[in-house]
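Everything below concerns the one structure shown next.
As written, the chains take the letters A, B and C, and residue 1 is the first residue of each chain.
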Amino acid sequence: MNLIYLLDLCAVAVCAITATLEARRRELDLFGVVVIAVISGIGGGTVRDLLLGRLPVYWIHDPVYVVVGMVAGTLTFFLGRRLRLPKNFFLVPDAIGLALFTVIGTSVAMQLDVPWLIAALMGVISGVFGGVIRDILCNEVPLIFRTDLYATASFAGALLLIALDRSGLPHSLAILFAMVSTVAVRLAAIRWHIHLPRLRSDA
Amino acid sequence: MNLIYLLDLCAVAVCAITATLEARRRELDLFGVVVIAVISGIGGGTVRDLLLGRLPVYWIHDPVYVVVGMVAGTLTFFLGRRLRLPKNFFLVPDAIGLALFTVIGTSVAMQLDVPWLIAALMGVISGVFGGVIRDILCNEVPLIFRTDLYATASFAGALLLIALDRSGLPHSLAILFAMVSTVAVRLAAIRWHIHLPRLRSDA
Amino acid sequence: MNLIYLLDLCAVAVCAITATLEARRRELDLFGVVVIAVISGIGGGTVRDLLLGRLPVYWIHDPVYVVVGMVAGTLTFFLGRRLRLPKNFFLVPDAIGLALFTVIGTSVAMQLDVPWLIAALMGVISGVFGGVIRDILCNEVPLIFRTDLYATASFAGALLLIALDRSGLPHSLAILFAMVSTVAVRLAAIRWHIHLPRLRSDA
């Protein structure tokens, strides 16, 4: 459990960092950037907890999540311009973060005995809603509705976790396989530009 | 109660279909369209349940709502371009859906003994907030703030339901009259372009 | 406690009035303006209650808050164009409202024994999230992410309240000092254009 907790905090930090880098294009002040960084990191799990009625939400009694998001956002704010990172530096950490949020969200919902489809949705919501709220705050159509298999990778991972868990596999192994599959689908989609069918505007 | 349940699912489907048709103008992929369709269908009742503290929200233990939204969204995604429906094909189903969500939301709140104004607001929120969230996700000023008596029809129906219920009418009759009045106000507003006073920009 | 309640209602009214004046630039109808006015007034406390799990949210059983927001919004809608108020007429009432929402939100969270950082965040959320939701509904990047020390004044006031309370000062005195400090920081920031460091777009 301690390893999961540490990885969870790392995923919050990665989310906060990438959100700060994206918020750069807007003229936001330090406070705005840090808020958006924190919300990106903890927003998905917060929406999940609200819908499931697990209240108060998970970070109320454990401020470490908020602190990690604030520190990561602040450091990136001041160092971000200095460091000229290659554009795809965060693709792999981001995919791992997505996988981690997905399996944690799905596991939490499974413990509450909700139907499997809903458990999988809670995994997807945990994985992607931080980014959705970030994009709404930045006044953009959420990226995940347009990007290569981001939420789909999360959904596939959540379904795999549930299937493996029902098949009697130990939960830790099921989590491992689900995470690997989420990361693999996501990175393959980026590498070969695989995406779902799109609606072209014909209006 | 079974009839209400069936009608409720139909209203979710209608919301999902119209949302998909509207999402067409954006370059969204299949996932994005389905998410927006589902949220349009269940968003209003979800916000109502959160505010009232009825947790977990209503669709967590009954995935049929989500399934109906997903199926309706997916079918519309693939068939939507094929079928060239007349522009106002959905105006009547949409008005009935609005009426239904309104009376369900108001009834739910009345059972919790909240003040009548709040019960009416919960009816309006159930009726219109799915569309509000849809428009926020699509990065538009919510349509209901600009459109002909949409939320007003819902508000009037909710108030009528409460008044009739207090006057001692059987609840099922009160619901029927409230729904008819909501549909009538909405369709009359469309037919004769009745709307509330608007602020013209003088800035 | 009665004085706090009255001031709280006044703060809701001020929020609703300023929101209506800002909504002027959009072509909204009466309903849209009133909804945005009410949400601006009660949105911050609502998000706080959701996150803390204080459900149903505070205005469900006390409709006075909603009524005050509706009346203030409606009156401003009809009189707003007539009255040509000086541009900075509401700066001081607005700063007092921010201070009041902040200390109420922080106090509520302190009573639930949450960590001090989280209590301070709940103060900030109570103070500023009404405006955040207003700006999202109006399809703008929330103003507080760009404006002179608005949220920062709230954060400083919340921290001061917690520190003074822990130092053994009577709670009412701590609240007074925290409010004065919030108002002072906010007004000083406006007067001398003090702001946090900003990211300039270099993309």
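Things worth noting here:
Everything below uses one rule, namely that a residue touches a chain if its C-beta (ideal position, glycine included) is under 8 Å from a C-beta of that chain, and two chains touch if they have at least 3 such contacts.
This structure is a prediction, so every number in the text was calculated from the model and none was measured.
Relative orientation of subunit A with respect to subunit C corresponds to a rotation of 120°, obtained by superposing CA atoms and rounded to a multiple of 5. Comparing the residue numbers each copy contributes, subunit B and subunit C share less than half of them at their mutual interface.
Averaging Cα coordinates per chain places subunit B and subunit C 30 Å apart. Counting partners per residue, subunit B has 50, 55, 136, 139 as the residues that reach two or more other chains. Listing the residues of subunit A that touch subunit C in their complex gives 23-33, 35-36, 46, 50, 55-57, 59-61, 63, 66-67, 77, 81, 136-139. Partner subunit A is touched in their complex by these residues of subunit C: 50-53, 55, 112, 114-115, 117-118, 121, 132, 136, 139-142, 144-146, 151-152, 155, 195-203.
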